[in-house]
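Naming follows writing order (A, B, C, D, E and F), and every chain is counted from residue 1.
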Amino acid sequence: MAIHNRTLALVLLGAAALPISAHAQEPVVDTGITAWMLTSTALVLLMVPGLAMFYGGLVRTKNVLGTMMHSFAAMAIVGVLWMVCGYALCFGPSVCPWTGWSWDYFFLRGIDQSITEGGIPEYVFAMFQGKFAIITPALIAGAFAERVRFRGYCLFIALWSLLVYNPLCHIIWGGGWLTGKAIDFAGGTVIHISAGVAGLVAALYLGARRGYPKTAMHPNNLVMTMMGAGLLWVGWFGFNAGSSVASGLKTAQALTMTQIAAAGGALCWMVIESLHLKKATALGMVSGILAGLVAITPAAGDVLPMGALLLGFVASVVCYLAIQMKNRLGYDDSLDVFGIHGVAGIVGAIGLVFFLRPGAGTGAFGSQMGHQVEGVLISMGYSAVATILLLVLVEKTLGLRMSEESEMAGMDHSLHGETGYGLINPN
Amino acid sequence: MAIHNRTLALVLLGAAALPISAHAQEPVVDTGITAWMLTSTALVLLMVPGLAMFYGGLVRTKNVLGTMMHSFAAMAIVGVLWMVCGYALCFGPSVCPWTGWSWDYFFLRGIDQSITEGGIPEYVFAMFQGKFAIITPALIAGAFAERVRFRGYCLFIALWSLLVYNPLCHIIWGGGWLTGKAIDFAGGTVIHISAGVAGLVAALYLGARRGYPKTAMHPNNLVMTMMGAGLLWVGWFGFNAGSSVASGLKTAQALTMTQIAAAGGALCWMVIESLHLKKATALGMVSGILAGLVAITPAAGDVLPMGALLLGFVASVVCYLAIQMKNRLGYDDSLDVFGIHGVAGIVGAIGLVFFLRPGAGTGAFGSQMGHQVEGVLISMGYSAVATILLLVLVEKTLGLRMSEESEMAGMDHSLHGETGYGLINPN
Amino acid sequence: MAIHNRTLALVLLGAAALPISAHAQEPVVDTGITAWMLTSTALVLLMVPGLAMFYGGLVRTKNVLGTMMHSFAAMAIVGVLWMVCGYALCFGPSVCPWTGWSWDYFFLRGIDQSITEGGIPEYVFAMFQGKFAIITPALIAGAFAERVRFRGYCLFIALWSLLVYNPLCHIIWGGGWLTGKAIDFAGGTVIHISAGVAGLVAALYLGARRGYPKTAMHPNNLVMTMMGAGLLWVGWFGFNAGSSVASGLKTAQALTMTQIAAAGGALCWMVIESLHLKKATALGMVSGILAGLVAITPAAGDVLPMGALLLGFVASVVCYLAIQMKNRLGYDDSLDVFGIHGVAGIVGAIGLVFFLRPGAGTGAFGSQMGHQVEGVLISMGYSAVATILLLVLVEKTLGLRMSEESEMAGMDHSLHGETGYGLINPN
Amino acid sequence: MKMITAIIQPDRLDAVREALMNAEISRITVSRVTGHGRQENIELYRGQKITPNLVPKIRIEIAVNDDFVEPAIDAILAAAKHGDGVIGDGKIFVTPMDECIRIRTAERGGSAI
Amino acid sequence: MKMITAIIQPDRLDAVREALMNAEISRITVSRVTGHGRQENIELYRGQKITPNLVPKIRIEIAVNDDFVEPAIDAILAAAKHGDGVIGDGKIFVTPMDECIRIRTAERGGSAI
Amino acid sequence: MKMITAIIQPDRLDAVREALMNAEISRITVSRVTGHGRQENIELYRGQKITPNLVPKIRIEIAVNDDFVEPAIDAILAAAKHGDGVIGDGKIFVTPMDECIRIRTAERGGSAI
């Protein structure tokens, strides 16, 4: 399990970071593992433009750049924060059950030569993990799309990354008190549930877009959304298979389950829509892909193919219902961050217990289920509480919700002074 | 040659799939090869959105989503079918000369721990091959673009994958009666010729789009077609170099020949157009890229650089002529699936005999040529006959050809209830 | 340092290219390194469509295809030239201080079986380097976007590649007289400075676009520019980390610094714009990414994280100022090839001396600084002089600058007979 | 001289163009518009049926001499209808026109149309 | 019958539509245009403020019976203004219309509007 | 007051705008249309020359007071022509206009133009 790898890596990294010593056990680089982890890092980075395209295509024309900027800003801001202190907070030795720290990791100063026990330079591990830290706050942005100020958003994700993501990451992966208990192979709990819940809270707190739900909010570019989904699928191979921090059997298992669950999710959503609406839609196809991918994320290393397929199916069904419910309840989680990431993350984190490969997990069904539920609840609870506090803070200081006029004028014009598609205006 | 690797892999996989035994020869994972094969799998997956973009950009605005859905549906449907039974049918031990089967491969149940003799987890091989199975039916869709129902299409590709692709794959790669004879490094015969011929048959059977050829059918987004071509080129490195199922000399050779043939094809098409039309077009550029890539596919592991260059040149010339011919004959292979994939596939499969690296192939020129021609003819004949039967079956049951009204309204609206580019309508 | 690897590789390649001999030292393939170098090759190729998208989105609607064709034509033309003679000229043994040559490399004839001392098939090295040769002239195209003939452009980049890129590459990397002195890890000098200066010279020589700067020239698709920037970032991991020609510590260092500098550049540009214009723009974000990536290119293997961050910051500040200056001076470097690639390349090449990892470089600060300045000046001077000669030659023969009418009609229509976005015209 | 402006459904554009051709009216100008009328044009969005406020339409402008007004209207009426006519099939507006000038030749009036 | 053509700022489209609805005018045709007037609409491009020659606008066409001309104008005037009116808020043009025909039913005149 | 509608080739837009400016007509509204006339605008598609049914054009709308009608027409005629005029150079339509209202100030008539 990745959780083990990660912990071990962590434990041994300390040693590796010391000046080079002469004892025989000195870890050496495995060029193959390193190659795959470098590739995975690139693939997970590909998910950021992929997400920008996915989200960017779903909003209205006047907000396309502003929405893509949400993903790109996460690359810039969290990208820098991570090397400054994020890695230290997540993967430093625990200084309390909620957080780690190591001055060696501050500005990544002390790992220039260190090789992990798994055979990769620690830098690679740090960068791979950094991509996860980047994508998580970027996911949230879909929930309050089309109505937040850019400055407020930047502050929000910086704080959220520091105060929500980093602790959760440390607790579940980095040596904190759930590490080694709850199975979360590649981030169902840490990433998708926490982001999904944060999105839900933010959508509720900030309120709906002007005109929602009366006015139809048309996706400006479903074509781009499909492209984005394609890149996300590809990138997810790095996300999940890379989380094995290896290039071997576990890696292959994770990649296989990822592929199966994505195809299963897509197929199932198509079938649901064909039955319910008599038409299978493009947005449904990509929503199903996403649901399957999210659901398999916590499970990818620990379930068997049949389980992956069923997780994909179940995720699509439950997400579909969740979105129907949202439409009834009437809150405006604009791009269904909770409906897809939150819900499918929960499906995966809980559901995986039913499909575990013999030998995976901590043994008994009941105890593993307990760990999983605990992990999910902690992630949900912590993310919800911390997010609401941060939202209030940002709203009261820099301001988060856009003014009505700039919302009507659109983010691209009023926040960024640009136009997404010059091509539509004769010029 | 890949054919050898694949066969060997196959032979030894059976053993590996058994419960872990203790004898010394137990294959171990080579992390480097595994890394490259994982990467290749991701790269070939990237070709699916790449193809969706390539095809999607070439149709009319009203059909852009419907056309992209053809590629995405293949990911969903064939993606699931492959893990259910496709892999078993292709790579299970031959139960008859046309097909393999192994209950161990059913739902990929029995390969969870198996490592191939080549040093990669069998899952990786299965997933890599699965991407080929996905892309082949997706290619066909270009031939009957803009005029088929989604349900009928889904049924068609499911059946085609089961009854055309899987047998051909088994015959040529999986241990069937041509395995080890005809050189088909990465699927010129199995993939491009079979898809090209199926496309031709389908275009003839379904008839032309309403208004063709009188009405000009404008590509809605050549810009996206170019992006798609870029992704296809990148993905093709995985397609061809990954087909070495290694990370060594053969892999490097395959990648090099791929690059050379693509550049050669593009350059040659540019020159042809400059001479013939006085202008080099963007669509010509990407058509040349594709022609070169297709032609080198069967040959990538077995020819020398000069041969790759010439194959690229010849492919462009012959495809250009084939498309000119199509325009005369007047059938509506809308996106030239036969004109590019079929024709360049044949050029590659036959042409490679002239450029073989010393030592490649089965020896004598004549006997190798015989094998190649045999492979091409079998692929063409089998694909043509089986495709026509499936077309009739689907047309008579679910219906394949769209009604005239929905064709005029466009697939996006009538089949999927969506609009590709919301951005063009003020809202 | 890459420069060492490259030189060593070069030195030993000669031997490896000989018929297989029996002595014990025979290099063997390292599958892991090969896997990463194959991946890097694919990633750098991804930069070409990435660049096409980046540039393509910034021009006016009528020139989008023509601009993308500039990148694609480089793939076709330089792709072929490289295998014909480019590799031989760059990496053949020095026949004079400015150029190498080896008949073994002519048409890549003699390296079919050769394995470099670093453990990769030489083909991979040749193809990886070939991608650099492709992208360099493609970069220049941004400087004279929207106003050059396609034929003239094709001739220009062919000659430029042969007479500017190849010699510079040989001088600095391939065994020429600066090899092993100036640090240029992944091409700050060879690629970005030389292309930037060539762009500046070309912009000055060809003159401004009609109407510049009075008429506002709107980007037709900033959305695509952002996508392109995303792909460029991803591809740059191959560009820089692949330049280690390894899969180990150096590779990890290069990837890490690349990531940090890109994030730093983006963040800094956002801050500058927020202060200067009160709005952070999407184009600013991606410009900052590019500035950071370019600046770290020469430095990626030899600086520490803090240095990478500062290089990213400084690059953004200096590029921002350079572009402000350009606007004052009034010349039309349309897409700021000099302002970003040239300037940030210089920042990186000179700036890296301040941030060198202990032990990197040739020792003393002063002497290293001398080497760097020498490298920069040679690259600038040589590129400037050679470029102007080539421009005059091409302008006088095939003609480079478009006629005023075809400039007004747009490249897509007048040079390629096509329309980029059919979707905007009802049809 | 009159200016005829027709708002039609996008899928009837080809049919209308053909019908106008048959009525010997070959010069037209077309643009993409969106319209709001009584038509409901359902779109699907994640399991929900949404009714856009504005539905894509095609606008055709035809400058004609007076004799051609009725033939043009008849041609459009015949070709733009879905079956026996469904809501959303559109409108034809006829407005007066004072002058028509061919840019190429600067000729004016009926012959320039 | 009159044809009212209004050129407004894109961000006021929703408001104008709502106001027209309230005035019981629900049938309109909308298109995207660019305009040049006195307004300056600053855009940013790599640290530079540029003033595009043509600024995005929305064009609304409304065919109305004579009684509805003033209500329509009033509704647009009220809804299209930014605050007390800023440069670039647009124009309304009223042109005469001879005939209006509903394609679905072929009915003509005021009832077809 | 008149409404002038000009259909021109896209590459002449800048020139026409400049010419109108010189004639002191600076307020215009522009849109992208496609047109069918006698022009053939060849496009290339995989080695084939195809003649699209509808060719991209630019439509310019200019509301003017009566005195400005001729200057506007002259300016367009001069600037929109390719050389001595080629097929496809376009048309100018002049239609009557009853009223013009500036949204910002609600002023009407000639001064609002």
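Basically, contacts are C-beta pairs under 8 Å (C-beta built on N, C-alpha and C of every residue); 3 or more make two chains touch, one makes a residue touch a chain.
These numbers were taken from a predicted model, which means no experiment stands behind them.
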Common touching chains of chain B and chain A: C, D, E, F
Neighbouring chains shared between chain B and chain C, ordered by label: A, D, E, F
A-F or A-E, whichever has more C-beta pairs in contact: A-E
Whole-Å gap between the CA centroids of chain C and chain D: 51
Distance between chain centroids, defined by C-alpha means - chain A, chain C (Å): 32
Averaged-CA centre spacing for the pair chain D and chain B, given as whole angstrom: 44
Centre-of-Cα separation between chain F and chain E, whole angstrom: 19
For chain E, residues contacting two or more additional chains: 10, 30-34, 43-44, 52-54, 95-96
Per-residue overlap in chain A, given as positions that touch at least 2 other chains: 30-33, 35-36, 39, 64, 215-216, 218-219, 221, 227, 277, 279, 281, 283, 416-421, 424-427
Graph class of chain-chain contacts, one of line, ring, star, complete, other: complete
Residue ranges of chain A touching chain C (in the complex, touch as defined): 29-36, 38-39, 41-42, 45-46, 48-50, 52-53, 56, 64-65, 68-69, 72-73, 75-77, 79-80, 83, 107-109, 112-113, 115, 120-124, 126-127, 130, 150-151, 154, 221, 224, 227, 412, 415-425, 427
Of all residues in chain D, those that touch chain C in their complex: 10, 13, 30-32, 58
Parts of chain B lying in touch with chain D, wherever the complex brings them together: 62, 211, 215, 405, 408-410, 416-419, 424-427
Touch list for chain E against partner chain A, complex: 10-12, 14-15, 32-34, 42-44, 52-54, 56, 82
Chain E-facing residues of chain B, complex: 426
